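Scrolling down, you'll hit the structures one after another.
In the two complexes below, chain A is the common chain; its partner is chain B in one and chain C in the other.
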Partner chain A sequence: MTGPRFDTAPLLETPFHPRTTAANRLQNWAGWSGYRTAGCYGDSEMEHSAIRNAATLYDITPMTKYRIAGPEAEACLNRLTLRNLAKLPVGSVQYTAWTDDAGKVMDDGTLFRIGPDRFRLCCQERHLPWLLDSAQGFDVEIADETEAVAAVALQGPTSASVLTAAGFDVSALKPFRMQDYPFRDGRLLISRTGFTGDLGYELWVAPTDAVALWDHLMAQGAPFGLVPAGTEAVMLARTEAGFLTANLDFIPAQQALREDRVRSPLELGLGWMIDWDKGHFTGRRALLAERDGQLSRWAIVGLDIPGNVSAEGSVLYYGKKREAGFITAACWSPTLKRNLAIAHVAARYAACDDLWVEIYAQRELQYHKLMLPVRKTERPFFAPDRRRATPPGRF
Partner chain B sequence: MIWDAVILGAGHNGLVTACYLARAGMKVCVVEKNDWIGGAAVSRELTPGFTYSNCSYVSSLFRPEIMRDLELPRHGLQILPYEGGAVLKEDGGFLAMYRDHDANRREFARHSPRDAEAYDIYSRDVQRHCRFIRPLLLRTPADPASFRPRDIGELIWIGKHMSGLSEQQIAEMVRFWTMSISDYLDHYFENPVIKAYLAVSAIIGTALGPMSPGSAYVLLHHYMGDVDGNVGAWGFARGGMGAITRALAASFTATGGEIRTGSPVGKVLVKNGRAVGVALANGDEIRAKRVISNMDVKRTMLRHVEEAELPQDYVSSVRRFKTRGSSGKLNIALDALPRFPALPEGAPHLRGDLHFTDSIERMERAYDDWKSGHFSRDPFQDVMIPTTIDPTMTPPGKHFMSCFVQYAPPKIEGRDWTDADRDAFGRTCLDQIERYSPGFKDLVLHVEVRTPRELEAEVGLTDGNIFQGELTFDQLLFNRPVPGYANYRTPVRDLWICGSSTHPGGGVMGAPGRNAAAEILRDAKRPARDMSDAWAVL
Partner chain C sequence: MPGPFSSTGTTDVVVIGAGPNGLACAARLAQKGRRVTLLEAEPEPGGGARALPDIAPGWPSPALAHLVRHIDPRVEAAMDLSRHGLDWMAADLPTTVLSPQGHLTLRGDQAEGADAAAWAALHRRLMSFAAALEPFRQMPPPRLAASGNAWGQLARNALGLRKLGATEFREFLRLILINAHDVAQDELTDPRLRAALCFDATLGAWAGPRSPNTLILYLDRLAGQIAGGKAALGLPRDGLPGLARAMARAAQASGVTLRTNARVARIEIANDRVAGLVLTDGTAISAPLVVSAIGPKPTLLNLVGPRHLDAGMTTRLRHQKSRGGAAKLHLALSDLPDFGTDPKARLILAEDEHAVETAFNPVKYGEVPDAPVMEIVLPSAFTGGQAPAAPHVLSAIVQFAPHAPRAGEDTARAAMLAACLARLERAAPGIGKLIVKADLLMPYDIERKFGMAGGNWHHGELSVEQMLFLRPLPQLSRYATPVSGLWLTGAGTHPGGMSGAAGWNAAEAILEAGA
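The block that comes next holds the complex of A and B.
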């Protein structure tokens, strides 16, 4: 008996692969957490435009998913994460984060309360040892269910119309709520969540039903402009929304090689998540000290940059001279017609006064150096009313 | 009360000027004759459930600097790039267009392998011209006959701008700005359909044929815009072109501006050679420190200013300013998406421009009809179905079709258009589409037919010229609208012009309105707030 050959096929195909490969006109694939997913189906700009104008399907199966269940699951997760789970009713979702004992962010993710004692934690990175260690002493079982659940994000202003046409009534579903629907012989879980800052949903289904779900949505969604979207388009959408991504906007604490690379939730602008009064949670003592002693060394800021040249990877200077920070994500936003960036700045420059960005603009091989003044701006950058409207709009 | 500025006409340029002035702290009032705003960037629901782009129908020229300065996306503006398009040939074949470079090259090669590769060279050359002209769009043209320090400074700037060009490139530029598109394309291409497709941008809105000298510049005018940095690309405004003026109006009122619709202008009030306000047609007077007209220069000066207030040579120049209308428009509500049997099912072609004119000769014949005072019997049409992309304009499954038509003269054989002429014009266009899409006419739920007569009566465009004055070299830069007055001023102190009659001309660009605001603020010694200079893209 031979096992699977990981040397010849290191990347798994998702359950949607028969359809995503047929739609992928350029056969443009990228690895994502051990899966092969579409970087672009043919034209990232059009796919991004569809996210903001119509509706898109984005295969999010590779998202790491942990099943956390047991009588003390709530207590365990309350101790693990920053937010208060007592405030999370069954059928709800929380965007949350968790830290190590030093109060440094390990990852952020979404926590689904599927039942009173059953949760699903979705995140970018893998954390099984940390989760298992954290569960010691709690009556809870934790298992990786990434391969057991197929997931697809349906995002864009017509996404509710697509679901209605597909026979799923989501008119009463509020943001960060989820609902179960019958689909074929099984169940389909739809949550009003997403990574685009727009109206959108995420659909969770058994892998055996994945292709049928894809076909059903594409057929019913055609009159509403539904198209598949690849990672390039989605990452542009997340940048113009202003959302953080692990390993792009921060280094997860367990992965940092250099000790100064780690960040606390306060430094990442996630301080609002922390429920100081819910009792003890991992990292609380360190975070209290940081808060009370004003010891934060960094601040994450949204920046508005003049002109139209994306500042990806640029360095920030105070008074054009002293290094003050760096940009982790940037784009010319086609939706907002603004040149935006997410940046880490040293805490004393958090106000962004007299802050400059050095951009290397490539023009036919040659770089032109630009030094431009930046302005601090609100995040999320893109937050249209339609994303929260319940019942959701037709477009 | 005395306003800091009253603006005559709520078209896109009038509103752009209004926004910048309001942001600089001025108290600004915009008066509009129609009960709705928008001028020629307007979306109206003429039949229930269907929103049209009644005049202009696509966007590329509108300056992103202005969108950003005035926060138009925050006020609802969204530009949707589109793909596709095709020329349907009389023999049943077609030439398709694709956004993907290789798909496009292979499609062109199906018609001519040589032209397929020549297209890249052609694109490079046109983009070189764009690179030269784009920085000029957001600047007041320098008057070479003036010795004012600013004009001299501006001439020095242009000199520097040109010093980067080789002698050969300067020669190329002068040729390009003056030659016909037909001659220009002959330098690159051999295939008639490819040439017919590329010539389109040179005749849109223009009282020239593809063989008329000067038509090549008009192509550049339609090529120099961009969608998010893709120079030459076009997009739809989500919700119709009226979304642009709606966003401008929202931005304007958010900064304290006031818009009065249903307020046609009577006369500009002039006292001691200065504009001091405006008398509306109903007799109401609005006093203002300055009056800014978004109407074309002819309509402004010849209808709404007492001739006694104007120097005679200026009046003569304004009368001679060419505003010959050349185009019409059909806006059609469709019960379903029409089928074009020549095109493969499910292909992206219907999401872009569809043309039925498959040779430059046919285009020129269409122009011949215009010259003899008749609308084209075999017209050129630029047909678009924005609802293949935009979900907001019609109920699901229904569609809005926009047909831009050339040629349609301002007068029919020297006399005014009648309703019967208009209907015959509309029938000619519908019949042409039906030939390529059998059963098309059965899908038609409602049609709005617009000839130059309707464009003048409703939008106020003299002779129905969509650019508020033709885009020929004699009427560009420091000669637009008339020599000596290219700086948005008029012989009447405090009376300004901010519409497409001024540099850099027509199209939904916003640049004239922005440049006029810059001059007005400089004149008022007020700093401009939130006003970006042109960005480099190429």
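The block that comes next holds the complex of A and C.
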């Protein structure tokens, strides 16, 4: 066999790499779907602060992207995913999820309707075999376009100002809408989407234009405090927003090794996505049985925890004694000044009454065991008005 | 999507496909008071047992299947088949293995030659195993992960196995998943007996005698019975079309409305329930309950379609193995050919166990074997004497034939026919000059003419990994489908075959579910 061995070769570089490596003072990289991306450029707290107070660029090229096109693309995607595509106009984006036959979540993602018969599905995990299986019997073509599209997230309160300064008029662009702009000799697609719960955009461009786009944005964005941000800062922002991440907040059904690790959308708080009346979709019968038989075994909840020690990885107890669930994401939120967590609790504890979290707090090498009462709270935790305002605020 | 569904007729139940299983299922449901319409695509009912067009002007029509090995006793009794015209030209045919070293004739446990005692012992042992397995055929397969098992009956059946005794039970466990070739070599020395065992274990399967788990297929054959005669080989009067006619008459006498020339184009589903179906001529029939006997694959993948099914199930159905390895040869002959033995027998043309394996080898690679093995029946030998000028037909199941030949369909068919005729010429010198017309149905021809997926004997291979609660898929093993109101039966469901057992079991499951 010739060619590089993917398991021993260095991870791939994204088209933004010449710029991200130059900016990465720590040379702190993390693997993401076979690519090397910045975990932290220098100071995660400052990068997170920029997400909330200025603007940031975050290289999201490694996000898995599928091109789904053909006369029956809509029908195929309606059979694949939980939501109804008939309600998604061209130029719009849908946050959605899909399940296996047993109604267990395989992934969530964003679905872009680029044309009447053309979509882009962006998600965390790889799904080509499942997508191709799901395409059987439909006049549709599906291809992985992860490498063909470079993408960068521009997030933060000044992000609209950055784009305006860069010559892209996004004043009319509403949340979950997208628009096409000329850029150099090609096109730039800007969607008002993101993973920070803040005002923000995602920019999609040909890999050959990636560096030019980066330079243009950084130059025009400097007066607005634009800096690159790494994954650590973005993950803190997403926890503040209360968004779920595959393999952190749930195990994709196709990857779960233990029978009881899989979760249905009803158990992940994604039941609102399900359009029961759109016709059949994979998992519908199992989910209907779960709904009608009240068979859900888990509930996902947002929690407020006293103090300032992050509850990451902690176990929840009912009446301080009986195990009732566990925490999948947690942080002390610098933005909200609250100690927040996302947790799975057994369905009968979904109200979170008399629920306690056991936290091991490390103080100067030594762990202290804390048993703290938790309070159920709404997700998203952080949802400022500027996130939705159209035209976007000029900060 | 088609326009709104408006139908021209209404009935309680529609059964699709008037093969032996569809007929048995329809008859049972009608006997239990359901208004049943049975739809058959062809002009005549019978499926694999129906008469094909005359092979040549004046030469009578053969059928795809040519011997009966099993009629489910429940079907035989409740349909009262003898009253409806089922009569046997021979209810217990001997088998003669044709061999250059001399022919050898077998009747049950009686064999000629030096191995007679070994054969008798082996046959008796395998018969006792088959008898212990037989009750599992007359019930829906047990399920591993769901309720609704008939525990009492399962326990009785399992106890029946254990009652073989410690030694025999151990022997059963040793043999149950073994291959036929090893048993033949362990227990027998006569190549002709080895050939008989290996041929019967793989007849209709996509497997050679050295393929794993082939002995259980032999046990499945031995478990059959005809009119109480175990492991019998029956030739009905008028051949298999005679059986088809009796079953169709019995079904109609039970109140089944049989509609021929009615090919179902799609099953209509509304609100995740069966609403009815539409024929290829556009006729719509509404029915709250549809039972399909044409095979799991065509039913779900074509008539229902993936968009009404989960993606995982669609994939598993697509991957379900359904490769046909048997071709059907018909010769119109000007005279009875001379095989050097009594023609009133089933003739096996395979000199030893290796001949069977060797015939399978090329098929694995989509090629045609040089020397096919075959099971030959000469129906005119049984009717002869009535009409001196009786035209003669040779009917043979020839193995193995590729279902997706590399060389292309027509080339492969021509090569297979040439190989068959050459093989026959060696066994019955001069037969070539008697041939008026030759006709060969390859697995892909069979798929086209009969609708059997891949041309497979059982609408889906009957192999250990697709048996019992794995048949056709675990999720479909109890005859119900995920679409409410839609049920499966036919050879593709447990226990396979044309005995009517699958049809009967499905009807019982439907009645028990109150569907």
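The working rule: the second predicted complex is superposed on the first by the 387 of 395 C-alpha atoms of A that agree within 3 Å, B and C clash if a C-alpha of one lies under 4 Å from a C-alpha of the other, contacts with A are read in each partner's own complex, and residues count from 1 in each chain.
The criterion applied here is as follows: a contact is a pair of C-beta atoms (placed from the backbone, for glycine too) under 8 Å apart; a residue touches a chain by one contact, two chains touch by 3 or more.
All values derive from a computational prediction rather than experimental measurement.
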item	value
Fit or clash between chain C and chain B when superposed on chain A	fit
First, second, both or neither for A:Y360, with chain B first and chain C second	neither
Which superposed partner A:R338 touches (first chain B, second chain C, both, neither)	first
Partner chain in contact with A:D101 - chain B first, chain C second, else both or neither	second
Dominant toucher of chain A (residue count), chain B or chain C	B
From chain A, separation angle of chain B and chain C (C-alpha centres, steps of 10 degrees)	160
Which of chain B and chain C A:F224 touches, first, second, both or neither	first
Touching partner for A:A54 - first (chain B), second (chain C), both, neither	first
Which of chain B and chain C A:G137 touches, first, second, both or neither	second
Which of chain B and chain C A:T282 touches, first, second, both or neither	second
Contacts of A:R79 with chain B and chain C, given as first, second, both or neither	second
Where chain B and chain C come nearest after superposition, their Cα distance in Å	45
Contact set on chain C toward chain A in their complex	272, 301, 305-315, 318, 482
Complex contact set, residues of chain B against chain A	64, 67-68, 72-74, 77-81, 83, 99-100, 227-230, 238, 389-392, 396-397, 532, 535-537
Complex contacts: residues of chain A adjacent to chain B	42-43, 45-46, 49, 52-54, 157-158, 161, 223-225, 306-308, 332, 334-338, 363, 394-395
Contact footprint of chain C on chain A as seen in their complex	75, 79-80, 100-101, 130, 133-134, 136-138, 279-280, 282-285
